[in-house]
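Shared between the two complexes below is chain A, which pairs with chain B and chain C, respectively.
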Partner chain A sequence: MKQVYINSIGSISGQKTFDNNEFLNDIVDYEDNVISVIDPIYKDYIPPAAARRMAKGIKMGVVASKIALQDAGLENVDAIITGTGMGCVRDSEKFVSAIIDNDEQYLTPTSFIQSTHNTVGGQIALELQCKGYNFTYVHGSNSFESALLDAKLQLENNEEHNILVGGVDELGDHTVTIHKLINHIKPHAVKSSELLKSNSVGAVFAEGANFFVLSNEKQASSYAEVTAVKLFNTLTKAEITKAATDFLAENNLEVSDIDILILGNNGDIEHDGYYHELQSGPFKNTQQVYYKHLCGEFNTASSFGFWLASKIIKTQSLPESVKLNNIKQASFKTILLYNQYRGENHSFTLLKQC
Partner chain B sequence: MDALKQELKENIIEQLNLEDMSPEDIANDDMLFGDGLGLDSIDALELIVMLDKSYGIKLTDPKEGRAIFESIDTMAAYITEHRTK
Partner chain C sequence: MSKGVAITGMGIISAIGNNVAENYHALINGNKGISRVKKIKTNHVNDIMVGEIAFTNSEFEQQLHLSSDNNYSRTAFLGVVAAKEAIKNAGITDINAYKTGLVSATSVGGMDMTERYFYDYLENKATQKYIEGHHAGDSTQKIAEQLGIEKSLVTTISTACSSAANSIMLGARLIKSGLLDRVIVGGADCLSKFTINGFKTLMILSDTYNTPFDENRKGLNLGEAAAFLVLESDAVVQAENKTVLAYVKGYGNANDAYHQTASSDNGDGAFLAMEKALKVADFTPADIDYINAHGTATGNNDLSEGRAIIRVFGEHVPDFSSTKAYTGHTLAAAGAIEAVYSVLALQNNVVYPNLNFETQMKEFDMTPQLELKEKPLKTVMSNSFGFGGNCSTVIFSKEQ
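Moving on to the complex of A and B:
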């Protein structure tokens, strides 16, 4: 069985992450309950004729993919696997609104064509002229990890050599309004740096795209090795610790082998308890890291965590802004990521230095 | 007629997301498809819907559309003659 390596990264988020030469050097501290990405210059990557029909999520996905391919020194990949929770929600909103507003008359084709969840994967393939395997996973906050698992299995079995894997979600006005109504978005603006002290329900919603070239061929420039991924649809708080330690045991590791635990805390007092179980339990003497104060919450926000872990391992540096505690580590060789959203779709991902 | 041509240019730019264009960039006799603005078949569908929604004109014969959508001049002439709203 082949090993699986992260050979490149491309990220568009609420921070200036599209520049791979930087690593959270200048943090943007928001004060809001919904945050948008910092846009790269999309025209530098997408011809205007192609860009004019692309909604934000498609542009973010295409550009993050192109950055990842450049970073890997590749012209193309063997397969494209995308994870998205909401897909092209803006065009979905536009199309459904047009149906309602125009009494089911005058329906235009563009927003309908672009509204499907697999539009991003399709547009990336068109841009790259990649005719290989193309699959989109839609599974709430496990969407990215589902894509990751698929890629990992194919690379381990040597079915493909280079696979573009990513997570992408965009904000849509109507979706944001609905999530505010049901208190899934925080009822008040929160300073990013004080997210975990917000003492309120809901999350700070956001958008983003994080793409990676995974390969079963290691390069000198590889970021890390993907050792394991495990998904759970449901877990109770009481089961989290055992699920985490069992996952480590399955990979012949103990808690003391983990240099960094990266957690998906989003400041929701109703659901951050899952993370607190690990923080104050077996990993209390482990360096803990969080990231959703930087990128916000969306179904594929964990792909930003994956980006963060990749950068930490490659650069062997840990930005102050992501530290949850201060446990001195000589080096960062093994990182465990844990994420869930509203108590569902839990994932454990293990990366190690290569 | 000039007001209608200006309105058409603004609508086309908005409906077809021609972000980098302004009405001044489109000459009345510019070809809308092919070598001119470079519009394609999806744009043609958008224009058919626009004629129906904004001017009450239902195009049923696709061959008819080819001549009507040749330029702003031809569109404006057809709309002036056939509009119901």
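Moving on to the complex of A and C:
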């Protein structure tokens, strides 16, 4: 079985992450309950006319992919695997409202076409002229991890050599409005740096795209090795600790082997308890890190956590802004990530220095 | 990666039947499930025909003993019904006795409720329960819950009309890698105004019965359906002394990388998908006894797929037919529907007729199978293609 490496990264998020030479040098501290991305100059990567036609999700996905390919020094990949919770949700909203508002008349196909969940994956394939394997996973907060697992299996079995894997989701106005109604979005603006002190239900909604070239061939510029990823459709709070330590045991590791634990806390007092189980339990003496105050919450936000872990391992540096506690650490060799959303679709991911 | 992937159970609900037996009966008797749409109020009612399932949502609620405060989309209802039949058919009593996962596929997801309550959400609190049911993973979570699958790998694939074929592919890979012992794979999609109007704007909906591979084909009929298959490892089959219905022998996925909605003239993606599937199965084209084609009856698909089939099989194209004339095009579920039909073909040694065919296509001289044909079958190839250039092929076989 081959090892699987993260050979490159490309990130578009609420922070200025599209420049791979930087690592959260200047943090934008928002005060809101919905955060958009900081846009790169899209026309540096795609012709302006094409960019204008593209949905935001497509634009973010295509450009994050191109950044990742450049970073890996590749012209193309063997396969493209995308995770997205909602796809190009703005086009879905646009088409539904057009159907209702115009009583099924005068409709044009563009927004229908772009609303298809695999549009981003398909558009990346078109851009790269990549005729290889192309999958899109759409399973809530495990969309990205499903893509990651699929890629890992194929690389381990040497079916492919370089696979582009990513998570992408865009914000849509109507979706935001209705999620405010059901309190999935925080009722008030929250300062990013004070997200975990918000003492309210719901999350700060956001968008973003994080793409990676995974490979079974290590190169000098590789970021880390992906050792394991495991998905759970359900877990209770009481089961989290055991699930985490079992996962480590399956990979011949103990809690003391983990240099950093990266958690998906989003400040929702009803659901952050899952993270608290690990924070105050076996990992209380482990360096703990969070990130959703920087990138916000969306179905594929955990791909930002994956980006963060990759960066930490490669640069061997840990930005102050992501620390949940302060444990002196000589080096960052092994990172465990844990994420869930509203108590469902939990995942553990393990990265190692390579 | 040499392990076998056995199919030990199947479940289905479609416009031609509420279970496997009813579907098979309709297939061999040439009974179409295509009619005018009844359950969706649309201005296009007289311009289109659909493959609609007779049960109403409240009938499904009763069948599944759900309380009235449930937030099931029709996609979820269909999915649960088909998945439960598959589990029963596989003789599974304790779902968690083996490492069991679920891979479902959908493109519509909870859109039927979203389009119904889109503006009501803003004013009517009672409708807001459906907001959480919109995303594509929701129906899969509900199916897992209904089957009792807990603390396991549950995921959803959405690659438009090839989605469920891709669920089968992932399921096979998960078993071969040893990650899971058993995977329930399939897909579900209900009819919606969203897809009716979407395909209408693309001008690929027929106003009459769809006619796959016919020179004068006018487009597709949309259908709603769900189907699931139980895939099990050799170890489970042996330990439980299971009856194996068929094996997933080969699979291939490729991207046409040509156009967001149209297939390339030569069917590059389709060609590559079929070639890959043959390679994984370690078959030559001559090993394929029957092709259950994607055959949507759109001008573009049938030409592109036909050319790709000729590129793979040359002068020796095996018997082929599309079953879309029976069910309509069931979008993300199609790959699973046709997987069930492929396994039934293997079990019963029959090739289904390609209904509604009248005129030979000009571009090539291959003709689909027009009458029900009985012949010994060892292998069936099933094609599923979708928007975004997504092309998938799965090969089923009697022998491992």
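Going forward, the second predicted complex is superposed on the first by the 353 of 354 C-alpha atoms of A that agree within 3 Å, B and C clash if a C-alpha of one lies under 4 Å from a C-alpha of the other, contacts with A are read in each partner's own complex, and residues count from 1 in each chain.
FYI, a residue touches a chain if its C-beta (ideal position, glycine included) is under 8 Å from a C-beta of that chain, and two chains touch if they have at least 3 such contacts.
Source: prediction; values computed, not measured.
Q: Chain A superposed: clash or fit between chain B and chain C?
A: In the superposition, chain B and chain C stay clear of each other.
Q: Please indicate which partner A:48 is in contact with in the superposed arrangement: first for chain B, second for chain C, both, or neither.
A: The first partner, chain B, only.
Q: Please work out whether A:344 is in contact with chain B alone, chain C alone, both, or neither, and reply first, second, both or neither.
A: Second partner only.
Q: In the overlay, answer first, second, both or neither for which of chain B and chain C A:129 touches.
A: A:129 sits against chain C, while chain B stays out of touch.
Q: If you tally the residues of chain A touched by each partner, is the higher count for chain B or for chain C?
A: C
Q: Which partner chains sit in contact with A:302 here, chain B, chain C, both or neither? Use first/second/both/neither.
A: So A:302 meets neither chain B nor chain C here.
Q: With the two complexes superposed on chain A, say which partner A:109 touches: chain B (first), chain C (second), both, or neither.
A: In the superposition, A:109 touches chain B and chain C alike.
Q: Return first, second, both or neither, reflecting whether A:222 touches chain B, chain C, both chains, or no partner chain.
A: Touch status of A:222: no partner.
Q: Once the two structures are placed together by chain A, how many degrees is the angle at chain A between chain B and chain C, based on Cα centres and rounded to a multiple of 10?
A: 70
Q: Once you lay one complex on the other using chain A, what is the shortest C-alpha distance from chain B to chain C, in Å?
A: Result, nearest C-alpha distance in the overlay: 8 Å.
Q: Touching chain B and also chain C: which chain A residues?
A: In chain A, residues 105, 107-109, 113 are touched by chain B and also by chain C.
Q: Provide the residue numbers of chain C that touch chain A in the complex, in ascending order.
A: 1, 42-44, 102, 106-107, 109, 111, 114-115, 118-119, 121-122, 128, 131-132, 135-138, 140-141, 144, 149-160, 166, 170, 173-174, 177, 179, 193-194, 197-198, 200-202, 253-261, 268-269, 272, 386-390
Q: Could you please specify the touching residues of chain A with respect to chain B in the complex?
A: 48-49, 51-53, 102, 105-110, 113
Q: Which bits of chain A are touching chain C when the two form their complex?
A: Touch residues, chain A against chain C: 80, 85-87, 92, 95-97, 99-100, 103-105, 107-109, 112-119, 121-123, 125-126, 128-140, 142-143, 146, 149-150, 153-154, 156-157, 174, 177-179, 181-182, 184, 230-235, 239, 243, 299, 344-345.
Q: Would you pull the chain B residues touching chain A in the complex into a rising list?
A: Listed in rising order, the residues are 15-20, 38, 42, 45-46, 49, 52-53.
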